[in-house]
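Reviewing the structure listed below.
Think of it as A, B, C, D and E in the order they're written, each chain with its own count starting at 1.
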Amino acid sequence: MNIAYLLLLAPAPALAGFGFLALAPFPMTRRPAALIGAVAGAAPFFIMLPVLFHCFGGGCDPAKIAPIMTLTFGETDVALALGLDGLSVIAGTTVSGIGALVLLYAVGYMAEERGRDVRRFFALMNLFVAGMLSVTLAADSIVFFLGWEIIGLCSFFLIGYYTDRPRALVGARKAFVMTRIADAALLAALLLLFLEAGSVRLADLIPAGVAMTPERQAMVAALLLVGALGKSAQLPFQTWLPTAMVGPTPVSALLHSATMVAAGAFLLARLAPIFAAAPMVAGVTAAIGLATAIFGAICALAQTDAKQMLAYSSISQIGFMVLALGLGAPGAAMAHFVIHAFFKSLLFLSAGVLSHSAGGSTAIRALAGGSARAPMAFLALAAGAASLAGLPFVTAGWYSKEAVLAAAWDAGVIGKLLWLLSLGAAAVTAAYAARLILAAAAPGAMNAAPNTDDRHSDDLARPSIRAPLVALAILALLGGVLVGPILHLLHEAHHDLAFIAVALGAIAPLLGAWVGYRLHAGGDAWLHTPFMRDARRGGQVDARYQAFVVRPFRRFKNRIARADPFEIRLPMPKVAAAEAEAAPIGGLLRRISRWRRARRPIRIRLPGWRAAEPVARLDLVGQATVSAGTFITRLATRALQPDRIDVAGTGAARAVGGFAEFVRRVQTGRVRDYLFALALGVGVLLLFA
Amino acid sequence: MMGGTMLIALLAASGGLFVAGAFGLVSRRGVLFQLISIEIMLGAPALAFIAAGAYHGNAAGQGMYVLVLALAAAEAALGLALYVRLRRGAAAEGSVGDSDGISELKR
Amino acid sequence: MSAASIAPLVAMGLAAVAAMLLAPSAHAAAARAVAALGLAVATGFVVLRFGAPERLATELLADDPLARFGIALTGLSALAALAITRIGASAREVPALIAIAALGGALVCGARHSGALFLGLEVMGLSLVALFAFPLTQRALEAAYKYFILGAAGAAALLFGVAILYAAAGGLAFTDWRSSADGLFALGAALLLAGLAFKFALAPFHMWGPDVFEGASPSAVVIAGVTAKVAVAVALVRLAQETGGASLQAGLAGLGAASILVGNLFALRQTSLARMLGYSSIAHSGYVAAILGAGGTEAGAAALFYVASYAPALTAALIILTLEGGDVRLENVRGLFRRRPLEGAAFALGVISLAGLPPAVGFIGKLYLFSALIEAEAWRLLAVAAVGSGLGVYYYARFFGAPFLPCKEAPSTPQAAPRRHAGLAITCLFLVAVLGVYPMPLLEAAVFATR
Amino acid sequence: MGLIALFMLPFLGGIAAMAVEGRRPGAERWAAIATMIGVLIVLAAMWAGGVDESGQWIARHQSDWAPAVGVSLTFALDGLSAALVALSAGLGIVAVVASWSGERRWSGLFHLCICWTVAATNGVFVAFDLLIFAFFWEAMLVPSFLLIAIWGYEDREAAAIKFLIFNAVGGLGLLAAVFALAAMADTVTFNAFELAEMEIGPRAEVWLLLGFALAFLVKLPTPPFHAWLPDAHTEAPTAGSILLAGLLLKAGAYGLFRFPPMLFPDATVALSGWGMALGAFGTIYAGLLACEQNDAKRLIAYTSIAHMSIVLMGVSGGVYFALLGAGVEMIAHAFSASALFFLMGSLQHRTGTRDLRALGGLQRRAPRFAAAFSIFFAAALAMPGTANFLGEALVITGMFQVNWIFAAIALISLVISVVYATRLLKGIMFGEPKSTAEIDDLNWRETIAIFTLGFGTLIFGLLPQILAGAIGPAVDAALAPFGK
Amino acid sequence: MNAGLAFVFALLGVAASALAATRTNAARAVAFLLASLLALGAAFFALDATFAGALQILVYAGAVVAVFIFVLITVDSSARAIDQEGRGMRQAWPAAALASALILAPLVFAPVPADPPSSVTPSTTKDVGTLLFGPWAIAVEAASFLLLAALIGVRHIGGRDRNEEEG
């Protein structure tokens, strides 16, 4: 039996879990909902495991296909299938594994939510897992895009999980709109490829893409790149990711660090041959990846909020993956994808526990004393941070980052420059990782700040929380052994680095960590340096903390409460059923002049895109796109409102009516006038006779 | 025996009658005057029929004249009855009571 | 002269005389019964003889399918008028007058000679004046007087036109006017057209229309708005057939276009039901005139079908005027369906038919109208008719929706309507709806009548 | 006879509903539902017989009605028609269910209007005699007009009249063109199959096509002919909105799909670029306006315009994928839009408002409503897995084959759809509830109806084979002028 | 037959008519009407239409004008009425003149038809009689109904007020 058929089973439990939780027509309490959700969400991992081992045993060569069904549209066959190859198995197993662990964590973490909401949460998480699996396992563009959009939708609903929080909606909407723009580009690229190849099978699309004319190829590659960048929150699309952190911690851990945001990188890896054939686009890709890596790292360094720091860290780390992809090293990128998934979800999960123990604040400062309050979580955080920093030899992160750096080293003269710059980024990464861990290690009293961003269990020491942390910590430290097999599985040779490069690569994190230590030890003064200020326009940590979490939150809440000050306030339409019944109908003619609707209060509001996050002023690039988009949309829609064509129509109707009223005065009622008309009529008839 | 020129002359004369009546109808406001104008107007086809009958040597012209005459008589009777009735109503109100006054139905 | 050919006229005349003689008697309703019987006999007779071979009744009158079609419609509409007549001590002669008017209409329908045409028109016109004046209220007298004066002027124009035509052509039968085309002839034709246009309420000879609709009693309005219109339409069709039509066409087209615009525009913001119907009847005359003015092989049949489809619709709408009393405004129509479901439905369907919307027969009429105009390639008239129909939908919609809307003030308990009204409403409803779905009998009759 | 039953059944059913009103509470509802089920049964029986040897027609009927003026009873049913007829009967049931609760004036007449709307649209979908087609086309207006004018909301009369005028004027274009076309034949005939074989000059073809297109575009509607729709949708009762969005709009799309390629092949090819441009303009214009609305139903109305403009793009695309996509999008939009109107109607019934600023917080208070709403939220966004995605993706594919600019515009409309859809979601589901009044969740009847629609959306999205197979022959027929 | 004489009489009639149409005094207007009708009657005799001329004088100038004269009794001949009438005419005469000119112009400038064939002979009273009571009998019957309708109308309108019910 073809083991590929096992793949068909992989998304099934998650999908079933979603279906059951979403549609079962009876109420459920919290506990069964969580259990069903966790079991269904974890099951794919156990289906993926044998496939993975089979693959490591060489079962993935050549790639195998598990057909789902074939749709016939006229003369075109659209064959839906899942594919078994190195890429899909690695990504699929990672996704399902992380998913299983995060869901397990969530069982404990979400224990205090209302049953109804827990059910919704687990339903969406299950759907997400299924969607992500279909992205990773897809052997055709349809299933791929299906999963791609499902994870986007789930991301939207999960970021907006706390529906009563205004910021949740703002973050969700922002994320959704941003990624949707990228999705449109991706859809365009996929459809163009489909038209080129006459098939949706990725195995057919890639050769077709490679064989296209250069211009077409560049266009398709660029569209694909936009799609990937948007989903992966790379420059210039990165703005949505930090605001997406308003979702519950498990969501941040699974979607917005480990898996979904990395889907863009996965897309580039999946279609790597097309990029290899379009060198200019590949160069752009590498440049964007590197820029994002550096940018994200510096931003992360400046953060005072742990989740935000991790968010920027994700942006930065995925930048490394994109860099590798731009350099034509999908193996290295996938290795980093896997290892990053381990340590980043570990970081989120442990930071979640720590921040809870710190009273619910996610500020880095508030983590102080975490080592004492939650030693286990602190150790996990330390393991994750070490891996993130890429401490040489002892962490998995070092190996995967070395793979990426090696890819840069090997890319000629420019590659050396890239290597140097990415080494710098790695150093900054180590610096902020050190900052984070040192902050948590430092002694400190519990900060009882009232602004709880997460609602979760009081007791986060339960096994369902501990187990994932332990497992992920082990992977984050020892996962380095996987890098070799992954590269092997993807048929990518180990890049052999010169000794000096290895040495410098090993020293850079240490150097960075030392800088981080110095920064931490040297107090907050460095955050006030002109560099930081110039880069961010304002770097006082306390004010920043206020501005970053508290004030925008309050302001936004106020805005919602006071309604939008920019919006014209009009009385609500009276719609009570009884009143509608009583409303007079007569005088239809009179009423027609009221075609023109009362000028409804209308402004396009992509609410609070700017107001919610003053810190986003830093995001000059991102903000520019947002501002430009908002401005243009507002300009366009204001000109169109009220609906001019409509108004012109009603104006004409009124004019005809008024004219009719006017000319009807001819009918005076006097016999003589009637007779005059009659005589005139006779006269005119005679004239024409 | 009558020529085409003479026919046209007579037709023009009957046209004059028609126009005189029309002028009266349009310019007069008294009901009685309008009735007189109507009678004048009906004189026009009468003359025209007779003239045309003579021109064609055809009895149909005089036949039609008889019918026109019946119509004129009927209209005079009906019109004068209406006039008397309207006059009665106007007199009750104390007004002069011409056709301009009865213009309640309009627009 | 064959007896069968003039039998309908005889029946109508006898009915009129009998009704007049019976009027002063104790049983006022007997007059109506006699008149109705006469009309019914006449109508039934022509319907039965519809397919009988063509022949000349006299030198003056034709006895052909066209005449029979017209006489049948005339008789039916006169019966409808009789049905909604209220007979009291003062109005005993009304049935007799209605029968005389029907006789006049029948004469016009059969006329193939200007003598019969003019006599028919005037018999109808004078009995209409008397009918209008019958309530003897100030408004009724005003309506009667306006119609009388304008009608007399119109009759003079018509007669003068006939006289000139006679001078030019040497004959009075329509067929005598076929060949001539000299200047004198055109003058006569123009004057003749003016006289006919008055009876047909074409703009600018339309002024009496709305005033009469508002001021006169509904039964008289049925005669003026339906019977007279049918008769004149038939006469126009016959004139077009027997004279070749060319001389009247341009004038008819112009007057028709003007009437479509004037009627629809004036009705646009009218809130009085009677006046709205008055103006709209001008517009409908305009449509018929436009068809005939455009010429074409389908013109006659289309015109006949149009007036035939217009007749029951207008009658259905007019029933409301008798039930609700003279001055019915838009707001009075509200809640009608609740108060009087049957008449309300008939009214709504009637107005829908007038608007030319399915499933009413008016829709088919409009279809036929447009097809005839297209066939004649009269694009300008087509455009005018389309604009007019668009405007028409606008104001009719206000009225046909209103019966279903709730009444503003508490509805007064409706007076019980006589059973005749219900019967008439059912008949109109039936005709409008059934012919709207299955128009073929009427279509074929119209085509047969003009062949 | 089955073909005639498709529209006669609901016609008679309407009369029956009126007749049984008051005999027993709710009798008229059951009469209407039974009628619709009857239609579905008749349809299923015909469909089960498969297609005839031509490969397209499931059933055809032709008999004389009035040979004198060239009118015949010509009806035919192919997969496209059958799908739409099934849709109309199904939505008829949904419309009845949607207006189940609450006291209603003249309930019998209300159900009569529902039944007659279904009857007329069914007639449109099967009529192939152009005069009869035009008749049904106009006949659709009256019951819909009454639905809006009698049972609508605040400004119902103005909206109803606007609806009527726009569509009546559009219908005149159709009538004029039908007559002109019939007059051109050697012997006057309205039979579309016979007229299809007639040679018409190229200029005449263009004018006639414009006449047809006027009616179809107004009904579709596509800007600039759309102004009636937002008002009509907003003011119509829920059942009216469902029938408008689900049936009347589809009639316009159906007309465009069916007749221009059949009757005016050359002009169809010549004008296809204009059609696509109009559709492209419409989808962006309406999408942007949708983003501006605070009235939930009005917002959905504008999205309908945007989506039907996509259909217009697809129909005029002249390539296989575009036409297939347009067909799928028609059906998909019927499901999603009518479901959204259904939900908004039930929401307004419960809260008394449909102002997005006065609503909110339903995610936590009415989970069943929220779940249902989420499905159609996804459909409005054209998420893969819903039939809407399939339709739009196919249209975009086709546009790429024709002109990538139109494809790009359609993709932009996908982005705009996020803005308006999330606006709707934000107003209804998110935030704190604006009033403390309890809101009942959907009751079982509504739940079944709405999830049936949701099931339809998903099943056609995931198994598009069913739809593609059904409308395939019609698509092939529509492609014929483009030389395939 | 003397067509020229007839034309002169006709012109006389026209002049009398014009005067009748413009008098503000009702009695004078009726007098000029009578003059006009008589002039027409003379013109008929000149055209050899003796039957028509006799009817014109007996029925028209006799009976119809007599009715007018009866009605004259009821006319309001107060200064106010005459003044009002005069003012009305002064307001309206330009419009009336315009309409009149419009009508008259085409008639006056009408093309002249050819002379008839010489075989034409004037029709006699007997001819008229055989026509009216032969083929036109039905028209005469119709004319009787015309008078009947007028009769009923006049009886009703001219009768006493008893409008307690509508007809």
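A few points about this structure:
Rule of thumb we're sticking to: contacts are C-beta pairs under 8 Å (C-beta built on N, C-alpha and C of every residue); 3 or more make two chains touch, one makes a residue touch a chain.
Just so we're clear, the structure is a prediction, and the values are computed from it rather than from any experiment.
Connectivity of the assembly in the absence of chain B: the other chains, held in place, remain one touching piece. Under the contact definition stated at the top, the chains bordering both chain A and chain C are B, D, E. Across the structure, the highest number of inter-chain C-beta contacts is found for B-E.
With centres taken as mean CA coordinates, the chain nearest to the overall protein centre is D.
Separating the centre of chain B from that of chain E, both taken as means of CA atoms, is a distance of 5 Å. Mean C-alpha position of chain A lies 99 Å from that of chain E. The geometric centre of chain B is 64 Å away from that of chain D, both derived from CA atoms.
In this assembly, the C-alpha centroid of chain C lies 42 Å from the C-alpha centroid of chain D.
Annotation for chain E: residues 88, 92, 95-96, 99-100, 103, 106-107, 110, 113, 136, 139, 143, 146, 149-150, 153, 157 touch two or more other chains.
Annotation for chain C: residues touching 2 or more other chains are 115, 119, 122, 126, 129-130, 133, 136, 141, 144-146, 149, 153, 157, 167, 183-184, 187, 210-211, 394, 397-398, 401, 405-406.
Of all residues in chain D, those touching 2 or more other chains are 105, 149, 157, 161, 165, listed in ascending order.
Pairwise chain contacts in this structure: A-B, A-C, A-D, A-E, B-C, B-E, C-D, C-E.
Within the complex, the chain C residues that touch chain A are 145-146, 149-150, 153-154, 157, 183, 186-187, 189-191, 193-194, 197-198, 203-205, 207-208, 210-211, 250-251, 254-255, 262, 265-266, 268-271, 330-331, 334, 391, 394-395, 397-398, 401-402, 405-406, 408.
Against chain C, in their complex, chain A makes its touches with residues 584-589, 592, 656-657, 659-661, 663-664, 667, 669, 671, 673-675, 677-682, 685-686, 688-689.
Of all residues in chain D, those touching chain C in their complex are 65-66, 68-69, 105-106, 109, 131, 134-135, 138-139, 141-142, 145-146, 149-150, 157, 160-161, 164-165, 168-169, 172, 175-176, 179-180, 182-183.
Residue ranges on chain B touching chain C, taken from their complex, read 7-8, 11, 14-15, 18, 21-22, 25, 31, 34, 38, 41-42, 44-45, 48-49, 51-53, 55-56, 58, 60-61, 63-64, 67-68, 71, 74-75, 78-79, 82, 85-86, 89, 99, 102-107. Interface residues of chain C, counted against chain B in their complex, comprise 114-115, 118-119, 122, 126, 129-130, 133, 136, 138-139, 141-146, 148-149, 152-153, 155-157, 159-160, 162-164, 166-167, 170-172, 184, 210-211, 214-215, 275.
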